[in-house]
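Structures are listed in the sections that come next.
You will see subunit A twice below: alongside subunit B first, and alongside subunit C after that.
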Partner chain A sequence: MTAVAAPTRRRRQRRHISPVVWLFLLVPAAIEVGLVFWPALNSFYLSLTRWNGLGAPEQVGLDNFRELFSDGVFREALGNNVIWAVGFGGLSVAGGLALAVALNKPRRGVGVYRSAIYLPMVFSLAVTGLFWRVQYQPDGTVNTLLGAVGLESLERQWLADPKTALYAVLVAAVWRQVGYVMVLYLAGLKGTDPSLDDASAVDGASAWQRFWYVTWPQLRGVNTVVFAVTVIDSLRTFDIVWAMTQGGPYHSSELLSTYMFQQGFTFLNLGYASAVAVVIFALALLFIITYLVRTLKEEVS
Partner chain B sequence: MVHSELSRRGFLAGLGGLGAAALLGGCATSGSDSGSGSSATLTLQSSLSDPSPKAALTKVVEGYTKTKVTLNTIAIETFRAQLPTYLNSATPPDVLTWYAGSVARDYASKGFLLDVSDMWTGSGACAGFSPALKELSTGADGKQIFVPTSYYWWGVFYRKSAFQEWGVQPATTWDEFINLCKALKAKGVAPLTMGTGSTPWVASGWFDYLDLRVNGAQFHRDLLAGKHSFDSPEVKAVMEHYRELLPYIDPKGRSYSWQDAVTPLASKKAGMYLIGAFVTQSVPKDVVDDIDFFRVPVIDPSVPLAEEAPTDGFFASAKSKNVEGAKELLAYLASAPAQELYIKESASSNLPTSPQVSTTGFSPLVQKGIELLNESAAITQFFNRDSSDELQSTADTALTKFLDSPGDVDSILASWQSSAQKVLTS
Partner chain C sequence: MSAPAVTAPAPPAASPSTSHDRQRVRRRGWAFHAVMVPLTLLWVAPMAFVVLISIRGFDDIAARGTAALPDSFTFEGFRTAFGEGAMGEALWTSVQVTVPAVILSLLLASMAAFALSRYAIPGRRAILLVMLAGNLLPPQILLIPVSRITESLGIYDTLVGLVAIHVGFGLGFYTFVLHGFMRSIPSEVTEAARMDGAGAFAVYARIVMPLCRPSLAALGALATTWIFNDLIWAITVLRTQAKFPVTAALLNLQGGYVSNWNVVAAASIMAAIPTAIVFFAFQRHFVSGLLMGSAK
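And now, the complex of A and B:
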């Protein structure tokens, strides 16, 4: 009886949504608008002004953006962000996928490996940064290990050398991210059809062919998620750089986010900092929209 | 079944509502936590994050019974970066630790600081302080905005027993100093330690002193006020002297904080450290009595002696909700018993600003520090204190770059000048 009654009842409910439901929807919507969209719009407005947080903002039109593109530190930070996005994205996706494929088949002790690799993810980025800062000290683990295997010539002050600082931080960030990407791909691999893999094995496909032509196309959904997560994570990277180098030595590991923080909250150039924020926002949007449009097109065709 | 589904929806909606309420509640509490909404409690925001000074200030604050005081201690590098934000917030802390001189003046000119002129007249807590301290605590508009409670000196610190072992003597002239560095290096000791990793401002210590020794205090003050250029011939002469020191500075210091860089000095792996007298708080207890210092050597005898003697203390926020309470707390902190208690507990070799505190019982090291300052013709503060925290960051960039590539000194000074120009005109 209930089986028959339920659908009709449900249809009626769909037509008359009770005001209480609207009320409950309205509350989170108001919070979202008040705490997310309004401040975001505000920073667009601030990017067109000069403001130190006190008194009225002074309108300067596009001056902040003009100044940005002639600012050497900003250009260096932008370049570093490109290196960061490529390095962070590439290494964590390649590493995470390789680990997921390697640890996909159930065998003894595989759970231990999976947990161990995922473990760094439970630490906050600030803690990860502090941990790695200790490893990178002149007499820290990294240099000690290099010395122990006879590679003294490679020993250096990883975080104090402008040539290596950014990459040293990158390694720490990838170390943490790789476990996360691995878990995403493990979930994706669980959703693939094993009979396709078996069929192609019977047809004589090599392991590489089976991965590339059979498994990989089935991971498209996961790839979209991984791509979006990685791009967003790499553009919003802040804490680990701040904990390890604060953008130094002399801006060599500066990212857009650390530069924005320094301009906004250390120097109180809130207008200029908002202009950097707008650039970060535009970049994130550009990447995500381009990728989504491309993926949707592929799915339609 | 239908009923159960409805109730689940109701439950979920209710959960959402609860979540929203909790979120709002969270905002409300965090708002009143960070500020000082009620006039019953005062907030004292402190940058004294090293263990001994932190414990000392906690003890001093415990001794204040008039109003309840919440002491917030923030790691100093974070405090430095966030100070403008603290002062600028809608409910700022009532009283904050910081530095006298241009840096306080800079914040005062932005309208952030409370006018405490009445504390400097009549029977006010600071009325008996020296005219030099009063001048240092006065804003550009002639009003006092700062309450100084202690100061200290800078010098070249070393271990007496180590110098004895190595058979070397403190230097008084530049040539003697370079020879001393050479002698130490020959013994396999890093002559100078200097932590410029997470505390790059330490590199300004040598810059300030070399400028004081080569060009004198007046030039130095004018330079930091923007009246001279950082790529002028005078500054280039300073960098020439700095360059002579580079082979003797422990390269590992580039990864260290100033505190980390004390370790090589304490363990006799490094010979000397140009640093403030606060260094004694980071030295192991059994080594403190072995620590001594000498004056930064004279380069040009015709330039009058000048020393750095940074003055610490407190200011109050202009937006404090409890102005009377804040001033009473400041008066307590400036009082002789509070200063004495702080100096005794902090293990930092501070000197009192109140003339009512007797210094006769202080350690021989501190006596020597007082003598050093009495002999000098001029007193400066430190790079950031004589300019602003924003100008300090241009110095950090330029000087750490110089430490890495001294050959590029001309281009480094040129870009220092252009970024300083930007700060000074903004």
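And now, the complex of A and C:
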């Protein structure tokens, strides 16, 4: 379409938007408003109340939030969530990126390696959790492996020990996530300019220099997406912790999401649980915006 | 995929220096495989051990531990998980949830994407982004109100309620991806049909949807695994354990068969197989679906 033709066409189209088209848009939009945006607004309201699900919610202002900050379990969950975001994000990005760079060029066996590494991604987080619960049993593969290489002193009940439970779950989650990040970076690498890499190789740059000065700067777009997606994912994390430890022992692997679920659905502190949900939302918001801004930029270009 | 060339392309006349280069490349190739083979084995090992445990007998595991190699071979674990453990029913429940949820999601999302990509609806970019933002919300902020809303609609603790929330929550993302694809269809194609007097519905059904088949397949594969693998919505909307889909039933079963690791392993394999099949059948679609979700 030429620039001159565009405006007239647009005007004609607007005049001709038929009721069918409006229906096409409004039905899905109404469903999303009813099942997503309306409930989300409700959570904000509920976070200002005390409610056990029976009768009318009692208005308590900001009491729930005040209570949260003196709640030791909440603070532990928040701290665990920070560890989780850093560990889960850092390890899966480092692993995924390294594997993507290693498996980028076609050579024998690359297809097999790639498939093996992103296979765990298709399992649900609950299945992943159970797969790893089996490995962490006192007589399971992890302890047996440690024993076999002479590290008996490290053997322990990984999921029952408050010192290791969170990290044990983290390893399982990273195992599943690395393949996903690798796929994203493989796509990003496909978008980089191979002639730049070749040229710098001819100029005598080492592999590390070529990666750091030539390839990495070209991955900036993918990095933003990966960063936003992993942080949003880590704030959402629920299933795998629920499947492996339910936040225990003694809240040592509690995350905000599992704490929220327990408060809401086990103890029926609906107002308090909503306040935790609002905190999760507030933390996620920044990254949701990052993701949307980047999306908008892509849309425009 | 499986390019046979391991070494760098060699010029026809091999001078001393290039043959030396080739040797170095070959040595680097060995180093590559020397790292990748153990790493891949390590990656596959947890899955392999779960498979080995699932075919061992209870006594074998009790006597020799979960890490030992099988001394017995039996489908007892699978039989128990399927029958007593109710995994069979749960798998069927998951199918009953996943199929309608995927079809409805894609249908509704394609309608919205069609309207937003083909017509100059005022504020359409804002509408699209708001819809996408809905999908990025942490589910936690929806859980309590959603369980209340489904209750007041009379669909709490029903599979209809679960399908509804899957559709509602996924819509924004699917709409966004399909919009990106539909926008790339040249306007001449739909313009011509419109000139010939085709209405909006005819353009959607006969022209745009058939053209979208590849991206619908990719999104379908992705949505199937997401919905099939869901846990949090299932335990939020459903209360009756007999109605649990596969992931929720799996966690239940695990509580009931605490030390029967062969049953737990068999059940988790049963829960993993359907998505693994979708993955292998639609591998290419699946990966491109993931990319649509993020690199877009």
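Rule of thumb we're sticking to: the second predicted complex is superposed on the first by the 272 of 301 C-alpha atoms of A that agree within 3 Å, B and C clash if a C-alpha of one lies under 4 Å from a C-alpha of the other, contacts with A are read in each partner's own complex, and residues count from 1 in each chain.
The rule is short, and it goes like this: a residue touches a chain if its C-beta (ideal position, glycine included) is under 8 Å from a C-beta of that chain, and two chains touch if they have at least 3 such contacts.
Bear in mind the structure is a predicted one, so any value in this text is a computation, not a measurement.
In the superposition on chain A, A:225 makes contact with subunit C only, while subunit B stays out of contact range. Contacts of A:290 after superposition: neither subunit B nor subunit C is touched. Looking at the shared chain after the overlay, A:160 reaches subunit B, while subunit C stays out of its contact range.
In the superposed model, more residues of subunit A are touched by C than by the other of subunit B and subunit C.
Contacts of A:269 after superposition: subunit B is touched, whereas subunit C is not reached. In the overlay built on the shared chain, the residue A:31 is in contact with subunit B and with subunit C. When the two complexes are overlaid on their common chain A, residue A:59 makes contact with neither subunit B nor subunit C.
By the document's definition of touching, neither partner reaches A:206: not subunit B, not subunit C. In the superposed model, A:22 lies in contact with subunit C only, and not with subunit B. Once both structures are placed on chain A, subunit A residues 9, 20-21, 24, 27-28, 31, 137, 139, 265 are touched by subunit B and, in the other complex, by subunit C.
Against subunit C, in their complex, subunit A makes its touches with residues 1, 9-10, 13-14, 17-18, 20-22, 24-25, 27-29, 31-32, 34-40, 42-43, 46, 102-103, 106-109, 111-113, 115-120, 122-127, 130-135, 137, 139-141, 143-145, 175, 180, 183-184, 187-188, 221-222, 225-226, 229, 232, 235-236, 238-239, 242-243, 256-257, 260-261, 264-265, 270, 273-274, 276-278, 280-281, 284, 288, 291-292, 295-296, 298-299. Interface residues of subunit C facing subunit A in the complex, by the touch rule stated above, are 1-6, 29, 32-33, 35-36, 39-40, 43-47, 49-50, 53, 65-67, 108-109, 111-112, 114-116, 118-122, 125, 127, 129, 131-146, 148-149, 164-165, 167-169, 171-172, 175-176, 187, 199-201, 204, 225, 228-232, 235-236, 247-248, 250-251, 254, 261, 264-265, 267-268, 271-272, 275-276, 278-279, 283, 286-287, 290-291, 294-296.
Subunit A contributes residues 2, 5-6, 9, 20-21, 24, 27-28, 31, 52-54, 72, 136-139, 157, 159-162, 246, 248-251, 262, 265-269 to its touches with subunit B in the complex. Partner subunit A is touched in their complex by these residues of subunit B: 1-2, 5, 13, 16-17, 20, 23-24, 81-82, 84-85, 88, 110-112, 197-198, 200, 251-252, 254-256, 389-390, 393, 396-398, 400-401, 404, 415, 426.
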